[in-house]
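Shared between the two complexes below is chain A, which has chain B as its partner in the first and chain C in the second.
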Partner chain A sequence: MVDAPLLALHGISRSFGAGPVLDGLSLSISAGERRGLIGPNGAGKTTLINLITGKLRPDSGRVLYRGLDITDLPPHRRARLGIGRSFQILSLFGEASVGENIRGALLAKHGIGTTVARRLSSLEPIFAESEQIAALAGLLPFLGERVDTLPYGLQRRLDIALVTAQEPELVILDEPAAGLSAAETRDLIDLLEAIIRGCTLILVEHDMDVVYALSDRITVLDYGCVLTEGTPAEVNADPAVRRVYLGEETG
Partner chain B sequence: MTIPGRLGPALSVLKAERGRRDLGGALATLALLAAVAAAPWLVPVAALNDLGQAVLLGLFAIGFNIVFKYSGLLSFGHAAFFGVAAYAEALLLRAFPAVPVPLLILGAAAGAGLLGLLLGHVCVRRTGAYFSMTTLAVGAFLYTIAFKWHAVTGGTDGLDEFMPAALVLLPGWRLTNPSITEIYELSAAFLIPFTLATWLILEHTPFGNAVQLVRQNEERAAFLGYDTHRVKLTNYGLAAFVAGIAGALWAISNGFVSTDSIDLTLSTTVIIMAFIGGTAWFWGPLLGSAIYIFGSDRLSAVTQHWQLWMGLAFIALVLAFPRGIAGLASLLASRLVRPRDG
Partner chain C sequence: MSHHLASLMVAGGLDALTYSSLAFLIASGLTVVFGMLGFLNVAHTSFYMLAGYIGFSIASRTGSFWLALLLAPPVTVALGLAAERLLFRRLYAAGHTPQLLLTIGLAYVIAETTKMIWGDDSLALAPPTGLGGHVVILGATLPVYHLFVIVITMALVGLLALLIGWTRLGMVVRAAAIHPQMVDALGFKLSAVHTFVFLVGLYLAAVAGVVMAPMLGIYPGMADDALVQSFIVVVAGGLGSLPGAFVVAGLLGLVQGFGSVFLSDYALYFPFVVLAGVLLVRPLGLFGRGGA
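Entry: the complex of A and B
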């Protein structure tokens, strides 16, 4: 089992009416690896993440996590197995405060998310932990702010903070730098460096600075298939990749 | 991003603010429940009957609002649970007149709660208008059963004469020909602990927190590890149980159960009550029920078109104070406490 991959996708196909979005895709990620996943818009990157995390089921193919077939597990079961994800389109608890968002993630992680045997206000360790995570994500000054009143850049950080609070074994980030300024993106790289230490990472990102900074291998998707896979240097030098992806600006 | 040094104070301000809000909520809750307990001595004897109705329909409206406020789902068929428990209570009293009545009430309410868990499997998978339509269909279906199944429910005649001559409260403690006040006290003895426990669960435990997270963003809650269907289902079952307690007590307090206890009119009346009182506050529906019952009583003494005036008053209220009377009161209270930033 030493060499068994943490995550293995076998022959995954998925279509939405028209043509297939993913077409017999296989992919394997070993524990501790940091995998960048790039490809033009519409290549099926978000769809792939949805299949790994349980928002979608494949038409055919299997998803194995630590050797366990999770193809048909609902999202909450996969989260409990240690798969955490962020969202390309922000998905937060908008009416709650930053602190309440983080606390919600922590309560679930500690397995007391739905208990009636504790008083919320008595959970001092959870409050302390929320403050630590908020501090790490640079959100401490905004702990009591309602999330939907926060600027976009801070909401992005909260998205990452929620994944951090989950302490997942496999972290999947879907375009975490989308919509951020250059300065915000640099801050984000620092934050991500700090939180993914010791985790396995799948990073979907258009900003190649972020991809190069954080991944040790890169997979290029095109039309629902793996176009190529290799180290950042290999991928950067691959003519096919330059043609379909790196050459043209991201759309 | 660096963390400024003034954070310590900012945090304690935050906690103080939160603590003050919690304290305000707890005090208002205690005041309201004290009023429920003391009400028989505060209102004129002639109003005791209305008071009993207001409290039981208020309990029912709280049950309705558990689903509306905390899960964000508008049920058009919540009378199903009230009515089923009312019928069950009547049948249980008839079958087991010697069993202590609190057990029968709990049994009838538990039956309503289980029915909620069963029907919830279908209903809470839907959201928005689809949820409302499903509950409407389920409500209409149960009404039809009550209406048609004459052998059990008495059909349009309803059920009566199920009250034993002496109501067994505990072995050795009976109420012979209970007075209105005694029945009211029995109702309050159920309402106070059960609503308080429900309020604590929904406002102060991780479970209540989970219900509210699922309402705000079910998808994210699922990806954080919450079994969102189960959270909604459990809350629905709780709401059915609370409505069931109200229905069981309703049977005892009226000594009569008919399709009025399960029909769609009752399902909509309870929505109106909840909105009058204010759905944003756990206890708002109880206030709304009292205002509705006493208001319609006054109006019906003045005019036979009281339902028309009641309807107009409801529309005016919803337009002027969308958060109901409780919302208005909390606005006024916050102005009194902090007049400068109102």
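Entry: the complex of A and C
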């Protein structure tokens, strides 16, 4: 019971039109684990994330979170249960300031998201908390800046900050290093090391340096199935992985 | 002569404002629901018509226009909520063709049902006592009721702008219009936001339906008339753009208001001239954004 997984997927299948994207996939992630998820394009990584976060429902199979069957829960309920995610394409509110973005992310956590009438004093903790989060993400100097005026690297940091603002137990990041320069990527690794300490992580990423730096274990997907799973060293040495994935990168 | 012109300008201006106000009230729900949910609701103006008929029944039973204005919109919104829950919601992700088929069908059902209940003839609703008279401004004789329509519309639009622009609920609505998936991921109930937006849009159209009645009467074709006008507002304004709808409703009001004063024979065509003119210059509408 101690080692009951935080997240367990049982026999997940999901098709879009022509054929299955995920084919009877099972996966189990323990609390505190950092799991890298890699695989060639079309292996089903984003579909898998969407099934965990509730954007999609599986054709068959169950999704269990803390032993609770969440297969049919809508996304916002899963978010409130502690599943936070970032999107492959940045989904920030560009016309608002950095502070407004963070405070918006905090509202739902505090249960005052859409109440029209609420005393303003109830917002004070949110302002304080948003500054802490901004400080942690290195965004404090930009709190009042419009998001769409910030360089891309800082926008990515804000994206991570919004996910962690809700203090999720499970953090799911979909290609957080996409579009970053080498220097920005190193900064991102440092930020993630600091900010997601204690969280369980699922990381989908093409940049293998990021995957190796942040993952305890790596799952390799291919054609909607788990090709293999192991420590970074094991996966790196696996000939099948080198053929379908790592080989593809160098070739 | 200049006095005459001044009075014509005032009369035309008031007509323009009245017309634009109502055009905006009706079209705003259509454009926002399309923008946020991608849902094309042809039955939108059927609810506007329904509100007019329900308002007529309330007013003729109770003798009070005010009661009709107070009660008919919520009743209409309740019917709209039923339609959203039972029908529309199933097709939010289904694409435009099924949505068009469903809502055109619903528009027919509502049109025939209203004819069965209220008959084929045009019904008249008297303006409330005190608002039935005229005032003379700069030599122009103006119906007091038109002024009332402008005031109530501006009040509603102002309230809406406050709600959307200055409350947390409005903030979530704006956020949901930009990145719905992020709003979901942050733990806000997106489907509730969508229902709310849908109902607010219906409420505005329903108010327009009741308020319109003393000016143009209530008649079986009013849903179709309003639908054509609303689509012009929505398309020329840019699909999903509330500011766009506001500007185009204003433009339509101007050409209708002054057109009917100076070139009344051709007034019927003016909205289409506006539509064609806008689309020639900006094919996606005034505030339209490409892609989806």
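We take it that the second predicted complex is superposed on the first by the 243 of 251 C-alpha atoms of A that agree within 3 Å, B and C clash if a C-alpha of one lies under 4 Å from a C-alpha of the other, contacts with A are read in each partner's own complex, and residues count from 1 in each chain.
As a convention for this text, a contact is a pair of C-beta atoms (placed from the backbone, for glycine too) under 8 Å apart; a residue touches a chain by one contact, two chains touch by 3 or more.
Just so we're clear, the structure is a prediction, and the values are computed from it rather than from any experiment.
K.L.:
Given the touch rule stated above, what does A:T53 touch, chain B (first), chain C (second), both, or neither?
P.N.:
Both partners, chain B and chain C.
K.L.:
By residue count, which of the two partners contacts chain A more extensively, chain B or chain C?
P.N.:
B
K.L.:
So, does A:R197 touch the first partner chain B, the second partner chain C, both, or neither?
P.N.:
After superposing on A, A:R197 lies clear of both chain B and chain C.
K.L.:
What is the contact status of A:K109 with respect to chain B (first) and chain C (second): first, second, both, or neither?
P.N.:
both
K.L.:
Give one of first, second, both or neither to describe whether A:P75 is in contact with chain B, with chain C, with both, or with none.
P.N.:
both
K.L.:
Does chain B (first) or chain C (second) touch A:P141, or do both, or does neither?
P.N.:
The answer is first: A:P141 touches chain B but not chain C.
K.L.:
Report for A:E131: first if it touches chain B alone, second if chain C alone, otherwise both or neither.
P.N.:
In the superposition, A:E131 contacts chain B only.
K.L.:
Enumerate the residues of chain A that count as touching chain B in its complex and touching chain C in the other.
P.N.:
53, 55, 74-76, 79-80, 84-85, 87, 91-94, 104-105, 107-109, 112-116, 118, 162, 166
K.L.:
Which stretch or stretches of chain A touch chain C in the complex?
P.N.:
53-55, 74-76, 79-80, 84-85, 87, 91-94, 104-105, 107-109, 112-116, 118, 162-163, 166
K.L.:
State the interface residues of chain A toward chain B in the complex, per the touch definition above.
P.N.:
Interface residues on chain A, with respect to chain B: 53, 55, 74-76, 79-80, 84-85, 87, 91-96, 99-100, 103-105, 107-109, 112-121, 123, 131, 135, 138, 140-141, 143-144, 162, 166, 187.
K.L.:
What does chain B use to touch chain A in their complex?
P.N.:
1, 3-4, 7, 10-11, 14, 17-18, 22, 200-201, 204-210, 212-213, 216-217, 219-228, 230-231, 234
K.L.:
Provide the residue numbers of chain C that touch chain A in the complex, in ascending order.
P.N.:
Counting only chain C, the residues touching chain A are 163, 167-169, 171-172, 175, 178-179, 181-182, 184-193.
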